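Note that the chains are named A, B, C, D and E in the order they appear, and that numbering of residues resets to 1 at the start of each chain.
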Amino acid sequence: MSDIANVATGATVVALTNVHKSFGPLKVLDGVTFDVARGDVLCIIGRSGSGKSTALRCIDRFETIDSGEIVVCGRKVHDPALDLRALRQDVGIVFQSYNLFPHLTIEENITLAPTCVKGTSKAEAREQARAALAQVGLSDKIQHYPEQLSGGQQQRAAIARSLAMRPKVMLFDEVTSALDPELTGEVLKVIEGLAADGMTMVMVTHEMGFARSIADRVVFMHRGKVHEHGTAAVLTTPTTPELAQFLGTGL
Amino acid sequence: MKINLDFGAILERWPSFVSGAIMTLELAVIATVLGTAIGVLGAIARRSGHPVATRVAAFYVESIRNTPLLVQIFLVYFGLASLGVKFPAFTVAAAALTINVGAYTTEIIRAGFDAIPKAQIEAAEGLALSKPQIYWHVVMLPAIEKVYPALTSQFVLLMLASSVTSQISAEELTAVANYIQSDTYRAFETYILVAIAYVALSLVMRAGFYGLGLVMFPRRRRLGTPL
Amino acid sequence: MGGSLNVNHLAFLANGALWTIGLSLIALVGGGLAGFVVALARISPLRAVRILAAGYVQLIQGTPLLVIMFLTYFGLPPLGITVSPLTAASVSLTVYVGAYLGEIWRGCIESVPKQQWEAAEGLALSRTQRMMRVILPQAVRIATPPTVGFMVQIIKNTSLASVVGFVELARAGQIINNALFEPFLIYLIIAVVYFALCYPVSRLSRRLEASQGRPRLSVETA
Amino acid sequence: DLLDDVMKAKKIRIATDMAIPPSGMMDSAMKPTGSDVETAQLLAKDWGLEIEWIQTTGATRIPNVQTNKADIIVSTLSVTPERAKVIDFTKPYAALQSVVGCLKTATVKDWADLKDKTIAVSRGTTQDTELSNMKDRNLKLARFDDDATMVTAAVSGQADCVASSATIVNQIGVKNPGRVFEPKVPIRNFDLAIGVRQGEPKMIEKLNEWIAANLKNGKLNEIYKKFHGSELPPEMRG
Amino acid sequence: MSDIANVATGATVVALTNVHKSFGPLKVLDGVTFDVARGDVLCIIGRSGSGKSTALRCIDRFETIDSGEIVVCGRKVHDPALDLRALRQDVGIVFQSYNLFPHLTIEENITLAPTCVKGTSKAEAREQARAALAQVGLSDKIQHYPEQLSGGQQQRAAIARSLAMRPKVMLFDEVTSALDPELTGEVLKVIEGLAADGMTMVMVTHEMGFARSIADRVVFMHRGKVHEHGTAAVLTTPTTPELAQFLGTGL
């Protein structure tokens, strides 16, 4: 298959091919196909319930799929023989609700996975944590507990936690929708920085302005299908009435 | 060493077992109904902010929860008698069990009240409902729904604990068992049957509470998420 | 027979109270270990293990402790296993407390939000690492108040060990009452001693609850 | 063989309920005492054995010998055919004189007067069985788990009649001078025997010898009189 | 005082005069003064923590004030002799988090207050419920339970519940901020309808576009003070740098 060949050459990092997925009687993904090249930022937009989160979660194998194929960094995600933990070392995922571990300090949150999973030494992991926190502008909070941070700071810490694993791809699922407009700004700035550094990213977002300014490619999902697909330009000149309507009400 | 289990002599007396089981169930049902009433009132008292009501309720709850039921039953039974008040054993047993379980339900229902978001109460206040109306329409049912599993487990435990009322001559399941086993000296057979009877009774109660839950919480039934 | 309450009686009661405390500690340690296993079994990925554990919990929670004690002490010897009263009491309390603590702790483990599991999974932690490093530390905090609260019930329930020959607090009181026939006085003394043992534990559990801002939803035996 | 084992160990394990005065109880120094206790002590002395008391409750007397946690039971066991299917009994060493006792002031003379009165009784005792079988007499029974609770009920006023031994009936007035009970209606006498688990004929035989000897020499009667205030029935004293 | 006189003539329905309010050491309202005329829509905007919600809650006596005066429909809100339940029959309030009663159907949610408080007959209350639900476009959900509704539908049901009490003033506190853009649209449409019908409304909102299109007057709060105050025009031509900055970051 061509997608896999592409991965081998290093061009395509994430590829979904004709993915189907149902929850019971509900068809949530109905033949979804898209791919993401190394260093690109792909934004997934669409109505609530259109399957955006599910698509993202399938990429990191948080959901199984019914048919189709997903390849991430050359790994077939739904191969039963897949080394799940290896996949997750390559892929970082950040959710809407931060999900920092409340019983650990920010530093411990960040060093946990590198020391446990990669066997990084404590000292080195701490060094990496410091670097990751600097990247998201949170160096002064390293010894704090999550509940001592504002929502935006927590979200940035969660991003740093994923970054410390040095993933090849980052997945973001509506990482700003629990935040007020001001805190949203902080987080988006961090993501912009990552994009500028050339990180490959897939993000589900409701922030059209942000998608416009950062996305290399945009996927508009509608009823479990990829309804439009193109560069950020589709956000200004939609070609289907559904996307036009979505953008119209979107603000 | 061997024991020949022979259930024949015990099973012959099944009518006594049945009547004992019925009394156990009666005690459990009475204490459940009255205990729920006490629990609701106690929980309201504990949250009332009224200094006397709060303290009386707290004293009641703490003194019951931190002493064994058996001791409470003796104190009620012999205490009443030394005041010259005589009631049938069944009445005293039911009263003591009610007082006991009332303290636990007070705590559980209070936790249910506390679990109702303040926003719900504000919304009701915003609709100009009075305090009693808010308690009745907005707080009570959801609070009980939230603690329903804890509450029903408590009542099943109460049923099991009612066995100690045999000490003050209530003829419930354990009393019947004690009678039969000291009359026949077949303790094993008796206790095995009693264990089966109690497990069966607790299943009956759980089934009953499940059914009651379906009636009390129509939303759960309609949404297919019964407790 | 007869006479009035004297210092020997009080010493006898004190000795009973010591047994009450000792049995409570045994129950807590044994039941704690059993409860841990039960809690893990109840959320095991293996269906058979889950069903087995659920059956165990249902059975034990439906049987009075007295009956469990009796069947352990007198029911095992015919099967060729000799048990001393201490062993029988320890085994019964372990089996009994394990079922209740297991249920309490399962609830606590499950009340750690699902997102925490997913976040840990997304960081490539193994199942054991997720459990030990992320879920259990959080569950322990949630579990402390109801566990301490359940301790009170254990203290009271050790009174049933009299069936295997232990003269603990309640039985000691009964024996004295049977010599003196002063039920009101003696049961009042026993009530006070139990209260003195239990109330500090209750208070502790409440304090822990308050410090977590979490209402009590745990179940207690009478 | 039980007898050999006991003799070899120089120790006998005796199951007794210490909560059924005046047969088994604690004195003011919290030492075991009572008619059953002294009977057992006499036995041990005669046989040159040491005693290990096995504390039982009413419900666990029998299982204790069945499961070899005790060698014999000396604990007011009265003999009935039903019970004899489960354990073996020796010849009687004492007798239980059962009566219905009521308040001294009550006008009770015979069974007819007891109709509609609540009679307290110890659950599962022979008195209980006996009265329970008198269906045509319309008795109302209140059953308590042990003698002590029953007496307490009478002392505290929860019961106005008790069915028990004459000794216990007399005890009530001692505890509460305001409520003096006296025996009103005799039930009948029950034989009390030592219990041994089934299949130990040598032990039974040896115990029977001992009982016969001590009934004859009056020692058992002495013990009985000391605690129960009356003599054993003449036919028993032989 | 002139405000009270105005109320008597029917022109001013809500009037705050020099209202102060602290939570412990924190000054939340610091001399707030504004009023709302009958049939007007007033939008309150401002940063998180600037005191918007507190101001709104004071109007319906969910908070007490330290000094100043609030008059609503001729009633002095902080008079100790105030008939609180009468005030709340005149004022409807809708919160961000819907707060429908989860154990009651939508119909029961709506009929509860009219039957309990006003003594309306069941049949009549049901009639009113139907009308209120039609007004918010939810007629088909009358027998549903709240959790069966989407966020936007729940919020509209909450509005209907308030409307069924036929209040003279409606207060809305960020009623759309828990919703995604599409559901937001539904709710805003309902509010527009109410405005067109001449309902007096005070709303706290983050939706600048919406405020622009619907507000008769706008209050910009900043650090517990009314920092700017004017017609919707201030949103396009702010006169203070703070408002200009807020509008810049506000989206």
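In the analysis below, contacts are C-beta pairs under 8 Å (C-beta built on N, C-alpha and C of every residue); 3 or more make two chains touch, one makes a residue touch a chain.
Just so you know, these numbers come straight off a predicted model, no measurement behind them.
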Separation of chain C from chain E in touching-chain steps, minimised, is 2
Separation of chain B from chain E in touching-chain steps, minimised, is 1
Check: interface with higher C-beta contact count, B-C vs B-D, is B-C
Field rot_deg for pair chain A/chain E, CA superposition, rounded to the nearest 5 degrees, holds 175
By Cα centroid distance, the chain farthest from chain C is E
Farthest CA centroid from chain B: chain A
Per the C-alpha centroid definition, the whole-Å distance linking chain A and chain C comes out as 47
Between the Cα centroids of chain C and chain D the separation in whole angstrom comes to 37
Chain D and chain E have mean C-alpha positions lying a whole-number Å distance apart equal to 83
Touching two or more other chains in chain B are residues 1, 3, 78, 82, 187-188
Flagged in chain C as touching 2+ other chains are 70, 74, 77-78, 183-184
Full set of chain pairs in contact is A-C, A-E, B-C, B-D, B-E, C-D
The answer for chain E against chain A in the complex is residues 47-48, 150, 177, 180-185, 206-207, 209, 249-251
Per the touch rule above, chain C residues touching chain A in the complex are 113, 115-116, 118-126, 129, 133-134, 137-138, 141
Chain B residues touching chain C in their complex are 1-3, 62-63, 65-72, 74-75, 78-79, 82, 100-101, 104, 107-108, 110-112, 114-115, 147, 150, 153-154, 156-158, 160-161, 163, 174, 187-188, 191-192, 194-195, 198-199, 202-203
Contacts from chain A onto chain C in the complex sit at residues 60, 62, 85-86, 88-89, 91-93, 95, 97, 99-104, 112-113, 116-117, 158, 161-162, 165
Interface with chain D, chain C side, in the complex: residues 1-3, 6, 8-9, 11-12, 70, 73-74, 77-78, 162-165, 167, 174-179, 181, 183-184
